[in-house]
């Protein structure tokens, strides 16, 4: 179940050229403020398709804040304000003509605590396609629901109880349901904010496996507080500290050979 | 054309627009070339609203304007020369003719209206048709304008949602409108009243005996001293009722939150809530028929012969009972808002439960409880039916609870359902009393809500 | 919305006004819908006489009432308001009489009074002098030496109006110097004659009449002032006191011997008679039932003398209108 | 850090400390009894206050019930009628039609009844038949025309005088008559279904509550239709969208204040504003409903906001993150989840409105209306006002009727409050 | 400020004999249930006067639950139920004749978040002596208040503002106030549930110092999530895991030479 470094390197190699070519998301000099407080200070980073990018760092360093600025979920916090430039396929997502609704359909998100809607499993998945008008018939919707659940590795477990409430599932199943819900609208990027921190080790392993399967199709950004997890699932790691991005690079490099003293301290458990 | 038909017409146009836009949006989708920005139903609503709103607006405007036009048409008819000169009488005759022409009435009151019935009928149908056409045109124009804007990438959803937001904002403005409505309805009449009676006499005078039969010209200020009413209101609502409600309400809250088992609480809480749900007219009836005579009998039994059967005590006691659940739920909330750490801290010191409650929880919850009591007082002094039915009419400045006293609300009801005419200061005094009541309850609430808010924040 | 020439149809008779007439108007309305089931039953609202005239004189049209009940005659000033608002054709009917009764518990002291004695006992300033009487014996040595305690109507009620007008003013007029004041200083005259003491001897009573019975029953030393219909309803518990030598009996009030009788009226808007279905029939229901053994007397109203009744029956069918000058 | 000296107490110190503690414990124990007694007293006092509240409620309910049960019955007289003998000239074909009762009565049914009663019991008893007896008889015949073919003994209401005598009040002769008729089995108290079906009347024997009840229902419909959507929309706006600024503050403050403005002030508003705009709708349920709607709306807004607030933000985040617009989030997710809470608040607000009297007195809903209202614009009364009016009636027969009406009103309110409590318990926090 | 192991050993040595003699608190086979859920499973432990005993273990392992069962604070939770035997000076505290009020006067408690009463500083301290009737005069009360504040090392800082509200103090001062409040009734045992977790490092150091000073007079039990803290202040450490007490012994032994694999994993940061 544990993926070893060599495997990752293989994956790396395959996507190398594509990645170098064109970043999916590209942030330049991004700062995020809550009121007067600067939570993110001048962060620049490129995120690529077919890579899993992990954000690590001590609690309160701004990982979630930065992640949420990538699909403008920060808009829901009245005091939050973003400076700098975040490009999705070269288009600034904070430009005034950008439609957040469409942005979020392209950049999906999975949260720390599984948050299925208190509706049936089927409706949980179908909700996104429905509001975006992705299915023109019942049959098509059925297909989307099945496909999404299958990709999220949940289909076998729930196919006989699609009408049950999504909240009746176990924690790990709920989180996979949320992932299935996110991929049902076929996004280009999936953001995950500590998706396993509320789960037990077995469910965590399931999700890590799933993330690895999914990266073939999406750009995935994952925030995690577990360095082991970052090492296991990601190909790129960014280390945040007190609102600054201290170091960003290949996961293998960061964990085996960090350039910065702070990164090293953190990884060896000196603080946090 | 009656307004109802115009409204139906506007609704019909909206529906037509809805259907047309929906099928057009589906057509975009079917071509499949481009993904729709918004779901077809948003396109549908967009066009429907653009058809409906102009149509209904014009229909409303037309309903307001067309009667004037009809009137003009009637006046230009030769039969109108026989009408009385301007004034209410003339309007009445015209109104009758129109009513008969509309079919609202079988016959005219006034024979002078008869010759005008036919011209009215003609004008009504003429302007009715015009109204129909105008509404139709407006609806069509709006609908067509919107329909032509539809494209696959048209931001129909954003626009419809903006309209929904407008609707939500309007709904919340109703609260402000209501407040203004209350102020307006009180201020004008109050001003008229103070034109006749000096506000100082009213607020500080100690003699209240307005006589609605008296010629308003003689309205003497000294008959409108409302102090006894204020006193009665405070005595019944803020003193007697609170003497009942505060200890019993606090006691109930403490018992229910601190001592009762969950099962018992599940049963007792709704029972207390029933006490709050009993209509005041029932309390009034109970007070007047059962409690007041009982109190008088008891008082006379122990030799107090002056005891009134409309004693302030009866009204106050029952009002207190009515307020108990109110105080208890406010106290309940305040005590629950005290952090559990406070209670644990005290218990860990070896305090008994009652010591914890008396020395830690209640003092800590005190601001909230005080605010709750202020709200309860404001409710008690605004309470009407209990005092109307169980308190007396006599404005007594006395401290004897067995005597009859009257209150502000009692006098409002008495003055407005009494014998006076509407330009008499006695009747107008009801509005001035209402104004005072409004101002006082407003102030109490305002302060109480502030206190509660600040206090909640202190623990968050 | 106000005054514009718009109106919608209405098929119910609307009556407003006096709370004294209210029970009789209700009974008449009930009898009317019993006799004429084809009409909707009338709406009767007790707004008080003055409030009733205010609504009644608002204008002609469906939003204004058809009938104003009154426990006193319309004032010329009110008629003028009517006229000014286009209510030009008003018919006045005297439907009967109401007596003011002074009564006490069956176990009471049973003494007889004169209007002047009532006035002396109740006035704030009898004959312009400060009120000093505490006990009945202060008024007349033959009266019991008991404190004066009178339950009476509040100023908002028509009964109080009648008390002031029919008993107190009459009592106060026994002093010629005060009576003369009526011409010289009407304001002061009115004050002296109608203002009631407020030192506790006169207790204003809410309009819940049921309570008065209990009050008087438990306190035999108190007396009460209320409408005659109420005394009649409770004649098993209460006894009327004679006033000026006459008991408050049906006969004495009807004949006018008992001083506390006043006529009750209804005013009808003739301009509505054509358009409001059943209005005429409602008036004839009144006329058919206001006789001595009629329905209304069983509700406590006192029938007018036969001549008056006959004259008003005539009015009910012919509907002659009155002018402001008729009311003086 | 050389704290050892301090940390390590010598054996004598240890003994000292132990002695102190033993002393203290003894002292403590001595006080314990008093403290526990105080604890018991306090608890008892708290329990007592609950008990008093419950007891008052019980007394109130028992008083109303014991008075009111009789209010559902009325005194009726059994009258034998031989229709064949009376030979009423009635066209039987008309009896199937709506106006049947009028046909019967214009055919002289009233006189016939009077005659039959006089025949059976004498003129003095026949005189005590209630004013509505003929109408009741007509209704009975209309529902069963075959009665006209033969003899029948029908139970018909007596008038209030005889009813009072039956209760043991009023003049002695009548009481004697009542006693005699009762012994003969002619006079009985019978359950009066008509009480729930008739409207107001001057005779307590004839009075019913349907008119007022229908007025209440019509008024409540208007209140609900106005207050619910406005209240919910305003709650949504304030809780979900309103920017934090002065305007929002003003709206919030006015809503909170309106929730506590005395109801009679709303009556003044209705009188001065609504009746000024619509003078011909005096006493109409639509005006009453509008007035009560203004009063109920703030209650709905406040409970609605609380319900909306309790929907976890994670649900909103979840929906937003798959591209739902803020409006969609609210209407697809938040409102459905908040609905039970909103409904609970609405029901409680409506229950309060249903029991409200004072504001309706101000706008003329205290008229005597002898027929149930037939629409939102026809004059009518409401149940609480009817109770108020009856409580003021001179006729003592109304005392029972008033209590009976109170029972009906309380049943409605209990049902509504029960429903609210049920909803609250059922849907309390499922997530 | 950091205490080194040797020092602890000295302290250890001095109190050895007393400790071995008679445990202050002695728990035998204690299990605690919340409803049906077993939160503490069969724990036996002895706590001695003049020792600081630390409870460590991952979150949710039952440290607080066990601590609260030592002065029956669990009684305040309706669903909580205790099995087994806990002896204070040889008397079972769960026997029916044991008086909780008196028990808690003898076994004081300090909580994670400082919770001074919203009263004056003076009243905060005087509260306990007053309800227990420990002072017969104002002067005596004054003496108790001063002594307690002095022992808690707070006297110098607050002696001029005894009438100020206790909530107006800084976090560290508040926690010392709570300690002063606890010692004002002169308990025999003081239980502390993560007393420093809401404090900054400087305040934490102050409290740790204070704990060391206090142990001369009391038996102290402290729950902490910081192994460093346990090592610094305690002489005995108990390691809890999933409701069980895995290991109990001298602090120095536990940290340098744990017997159990799980303890070792925890101490080296392998999980938690």
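Letters A, B, C, D and E mark the chains in the order given here, with residues in each chain numbered from 1 onward.
By definition in this document, a contact is a pair of C-beta atoms (placed from the backbone, for glycine too) under 8 Å apart; a residue touches a chain by one contact, two chains touch by 3 or more.
Each chain and its UniProt protein: A, E = Phosphate ABC transporter ATP-binding protein; B = Phosphate transport system permease protein; D = Phosphate transport system permease protein PstA.
In this text, all values refer to a predicted model and were calculated from it rather than measured experimentally.
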Review point. Chains shared as neighbours by subunit B and subunit D?
Key: A, C, E
Practice item. Find out how few touching-chain steps suffice to connect subunit A with subunit E. Key: 2
Exercise for review: By CA centroids, point me to the most central chain in this structure.
Suggested key: B
Check your understanding: Does C-D or A-B have more contacting C-beta pairs?
Key -> C-D
Exercise for review: Specify the chain most distant from subunit E by Cα centroid.
Suggested key: C
Revision key, fill the gap. Whole-Å distance, C-alpha centre of subunit A to that of subunit C, is 86
Practice item. Give, as an integer number of Å, the spacing between the C-alpha centres of subunit C and subunit B. Key: 35
Practice item. Calculate how many whole Å lie between the centre of subunit B and the centre of subunit E, each centre taken as the average of the chain's C-alpha atoms. Key: 58
Exercise for review: Mind checking the centre-to-centre distance between subunit D and subunit E? Centres are C-alpha means, answer in whole Å.
Suggested key: 58
Revision key, fill the gap. Check: subunit B positions touching at least 2 other chains come out as 157-158, 288, 352, 355, 388-389, 417
Point to revise | For subunit C, residues contacting two or more additional chains | key: 7-8, 46-47, 61-62, 207-208
Check your understanding: Where does subunit A touch two or more other chains at once, residue-wise?
Key -> 101-102, 131-132
Point to revise | Pairs of chains, among all present, that meet the touch criterion | key: A-B, A-D, B-C, B-D, B-E, C-D, D-E
Exercise for review: Report the residues of subunit D in contact with subunit B in the complex, numbered from low to high.
Suggested key: 35-36, 38-39, 42-43, 45-50, 52-54, 56-57, 59-60, 63-64, 229-231, 233-234, 236-238, 241-242, 250-251, 253-258, 260-266, 268-269, 271-273, 294, 297-298, 301, 325-327, 348, 351-352, 354-358, 361-362, 366, 384-385, 387-388, 391, 399, 402-403, 406, 409-410, 413-414, 416-418, 421
Revision key, fill the gap. So, in the complex, the side of subunit A touching subunit B is made of residues 99, 101-102, 131-133, 136
Review point. Where on subunit E does subunit B make contact in their complex?
Key: 71, 73, 76, 78, 100-105, 108-109, 111, 113, 115-119, 127-128, 131-132, 178, 181-182, 185
**Study point:** Complex contact set, residues of subunit B against subunit E
**Key:** 262, 339, 341-352, 355, 359-360, 363-364
Practice item. Please name which positions on subunit B make contact with subunit A in the complex. Key: 29-30, 35-40, 155, 157-158
